[in-house]
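Attaching a single structure in structure tokens format; questions to follow.
Naming follows writing order (A, B, C and D), and every chain is counted from residue 1.
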Amino acid sequence: MVRYNADEVIAVKKISASLINRVIQPRPQESHKGTFGRVLVIGGNAQFGGAAIMAASAAVYCGAGLVSVATAPVNRSALHARLPEAMIIPYDDPQLMALIRTVDVVAIGPGLGTDELAASILSHTLKTVKDSQALIIDGSAITLIAEHQLTVSHARTVWTPHQMEWQRLSGIAVRDQTPLANQTAATKLPGTVIVKSHRTELFTPTASYENPVGTPAMATGGMGDTLVGMLAGFIAQFGLSDDVVSAAVYAHSAIAEELAKTNYVVLPSMLIQQLPNYMQRAAAAQV
Amino acid sequence: MVRYNADEVIAVKKISASLINRVIQPRPQESHKGTFGRVLVIGGNAQFGGAAIMAASAAVYCGAGLVSVATAPVNRSALHARLPEAMIIPYDDPQLMALIRTVDVVAIGPGLGTDELAASILSHTLKTVKDSQALIIDGSAITLIAEHQLTVSHARTVWTPHQMEWQRLSGIAVRDQTPLANQTAATKLPGTVIVKSHRTELFTPTASYENPVGTPAMATGGMGDTLVGMLAGFIAQFGLSDDVVSAAVYAHSAIAEELAKTNYVVLPSMLIQQLPNYMQRAAAAQV
Amino acid sequence: MVRYNADEVIAVKKISASLINRVIQPRPQESHKGTFGRVLVIGGNAQFGGAAIMAASAAVYCGAGLVSVATAPVNRSALHARLPEAMIIPYDDPQLMALIRTVDVVAIGPGLGTDELAASILSHTLKTVKDSQALIIDGSAITLIAEHQLTVSHARTVWTPHQMEWQRLSGIAVRDQTPLANQTAATKLPGTVIVKSHRTELFTPTASYENPVGTPAMATGGMGDTLVGMLAGFIAQFGLSDDVVSAAVYAHSAIAEELAKTNYVVLPSMLIQQLPNYMQRAAAAQV
Amino acid sequence: MVRYNADEVIAVKKISASLINRVIQPRPQESHKGTFGRVLVIGGNAQFGGAAIMAASAAVYCGAGLVSVATAPVNRSALHARLPEAMIIPYDDPQLMALIRTVDVVAIGPGLGTDELAASILSHTLKTVKDSQALIIDGSAITLIAEHQLTVSHARTVWTPHQMEWQRLSGIAVRDQTPLANQTAATKLPGTVIVKSHRTELFTPTASYENPVGTPAMATGGMGDTLVGMLAGFIAQFGLSDDVVSAAVYAHSAIAEELAKTNYVVLPSMLIQQLPNYMQRAAAAQV
């Protein structure tokens, strides 16, 4: 893949390690689970149920106060067998729209699929999300938006395409996805765009960032879903900002780097398990 | 939130660490599982199944002799995948009332929901519980009692509202929940009231207590369900008394404090896993 | 409970620690999974599914070559979520009787229940088991045999009643279950009787044994099911003899004693997890 | 079992430990999950669902980029409860053939069973697999091919019979399975034949190998399924060659040998868990 040197073309900041310590702060003493935010993950059809499970697990293990999952009902037993901490609602339940209104962060897309039901859930979700809520659009939801040419105007949006999804959404072929081209396309979308690759890039309305950490041990199914859950959990706790989104991206890779010292492949379930300890060290300025 | 200084208004005792060692004693050699009590958790509808799983797990892991769960049948696989030690009965099974009569402790409410079925199960349970049995009323069950203005006259009751549930039950708005106001309202209810917050308070017919330990790392979904299971397990093993209820509340927070040294968020499943070891140390006077 | 001094009345041998090393031998190099025997656990109705899961898990983790479970179909997901190593067949499948004929050890009873279906499965199993196969009769199956006055004439039988089940089977009230009375009743049954209590007794056609180890930390639901699985796994690997049955009983308690040093309650799943390591140490004469 | 001395009859090379380090290389920095290959496991009927779960788990834990499982729908919850990283499709879904065309490695047979549905799935799979794809034929699929005398002409095939399956496929009785006889029969089949025993043999079109490592602790149900998953994962990452197949066979036994130092029986789930660490050490030339 031909790539321009990012630094020559546009101002791309490298996310710094110290950002982690700034974003992940010791928790306030006077707090309750509501203090740390409500997350709703919408995803997981009958084929890709694991994606929603991994996203929800990451949100819980990084500290979101309350996490619900709207998913295909067949995923119920596996979700609760792994994560009794989460609540579940069938994603075709009419109550879903009411539930959306009660949360701080909606993450839609992990394993959602691209059939009519998925398109309908996505469309209703886009109409229901309020300005004050954060919205993460991932995976199948990105493909659906590209295919159905849906308009998203929600300012507090975070997009998490991998390179093929970004091609579908931006129209830029993978080999042409230079930082400049990506940045130009990203500015046409509301919110922040995270283009995932072996060196993930972030494009916010005001700046561009590159993630300096990461390891090929992360190149395995489910890692993107795990990032979605971390983004949701970070935003639920720390608010939506360039710093917070960058910190989630950085932490995701930094934990994987640590685990890769002793593991040839870093699986999502291993990374998720490590989140509480990594974040404690971050809050104590020990990473 | 405006709060009066508790010590000026009413005599509030701080639960002392040494209580743990007094309550958690080495087990008698001549014993069998019946010696350590039978617990029944009633809860977990289709949306909140994890709550019943966590409560039952806490009861098993803190040492209750036999634990059954009455829950929505859809929760069966996840319950047994996590906890084969528990028995299960659908919560709408006519045999439930017979089962209630065979146990030492009934804990109703975790994830029960507030629909008609839940109200009916609660109402039948309240009628079925005998004077000799301990009854823990939590979560949705508290909301149902408040909404339906059900009368509870069972003396051996432990109530475990969080602040919003306490508002519904007592009529005291969260911001007005001072120790004195809470105590006054609690005396109108039979048994012991545990008002959960970042510094949980206990009101028994004869005294008021404050829990001096705890950590914001506990502020996550399912922690209340875990406390319910611990209360059930403690009462099943050690009997119902101010000391035993206080010890369960204290241990719940003390374990979380230990885990919070290396974890930014302490999840219910982590706390539950730690119970057998913490209690062994308590019995050996090492905590 | 009034108890005579066993040594004054009948010759009761204490199982010795060295037996473990004699029974658990290093595995032969030229071997395959068939060498280590085939086990079939029949049990686990809709209420007590965990019992069959724990029994099967113990059989797998102590080294049985191949383990199948005949159980209520609702237990499938939880069984495989915990134990993919086991195979499953619905216990009302007509193929069950053919499956019985292919195994070395049949263990019937854990969580089987006592309804008509359970009675029918038990009755068919008793008719199907061949002389060369070992048969373990536990829990509900013992109750059914007592209630329905079924005749068992299979010589290679191991009975595992707890004290209440033994009362039903032998007609001896729990308080009258002295070693002499138990021995006398046991001789009327074919095979070996293990009367489980805080000091478990074994009665074989030729001798009586007492288990000198154990801990009240074992007094929790599922410990009996775990013993059934260990008995099945030991017999599958080492054959049926006084020594092998005694070794399984001893090892079950010895592992629990080890775990009880750091755990107030020893749960079946903890004990099962420890089996491969304990047995390795036993084979290396390190326990 | 009478066995000739392999070295006298045909040239049988022992797989060398250093092969592991040659095959398992540090991952390229510029990579994504597609780089590490797509695996499809087809297997797991209602009785043998664990086999497909173990094979898929091994593929994921040794580093395959994306793993899908085509299995009986009843296995869904257990699969995802253990392995959210995998995707699932019912094995009788008409979309299966389209899915086959998208993967790099198809592994068919673990727990597939031998009924008409299984035969039909196998037959359609054999017709659908393209020359460029690797095909692993295991367990029930081997039995079906032998029973139905199906013709397999796919050059990139790896066969993994145990001795009884090899008897069915080759017509050579187990006691007559000498290296020479095995080699002669293997040359009549396309691809590589792995005859599993306590000293597994590999026959490729150009050479014969013996696996010098292994332990009787591996003689337990599911170990063969685990090997299938490792073969799939190795081929997905490193390509199909004598070296890669040999390395998977060697690593499978070498990990078991390590675990057998502290475990009397090495269960598939234990071996699978160890894969990421073993492979990291292999890539760093530390095994």
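Going forward, a residue touches a chain if its C-beta (ideal position, glycine included) is under 8 Å from a C-beta of that chain, and two chains touch if they have at least 3 such contacts.
By chain, with names taken from UniProt: A, B, C, D = ADP-dependent (S)-NAD(P)H-hydrate dehydratase.
Fair warning: this is a prediction, and the values are worked out from it, not measured in the lab.
Ranked by distance of CA centroids from subunit C, the top chain is A.
Because subunit A and subunit D carry the same sequence, their contact can be compared by residue number, and under half of the numbers here are used by both.
Subunit C and subunit D, compared by their mean Cα positions, are separated by 35 Å. Remark: subunit A and subunit C have CA centroids separated by 49 Å (rounded to whole angstrom). Under the contact definition stated at the top, the residues of subunit C that touch 2 or more other chains are 77-79, 81.
The part of subunit B that touches subunit C in the complex is made up of residues 24, 27-33, 35-36, 60-67, 76-81, 83-89, 275-280, 282-283.
Residue ranges of subunit D in contact with subunit C, taken from their complex: 1, 46-51, 53-54, 57, 74-75, 77-79, 81-82, 162-163, 197-198, 215-217, 219-223, 260-270.
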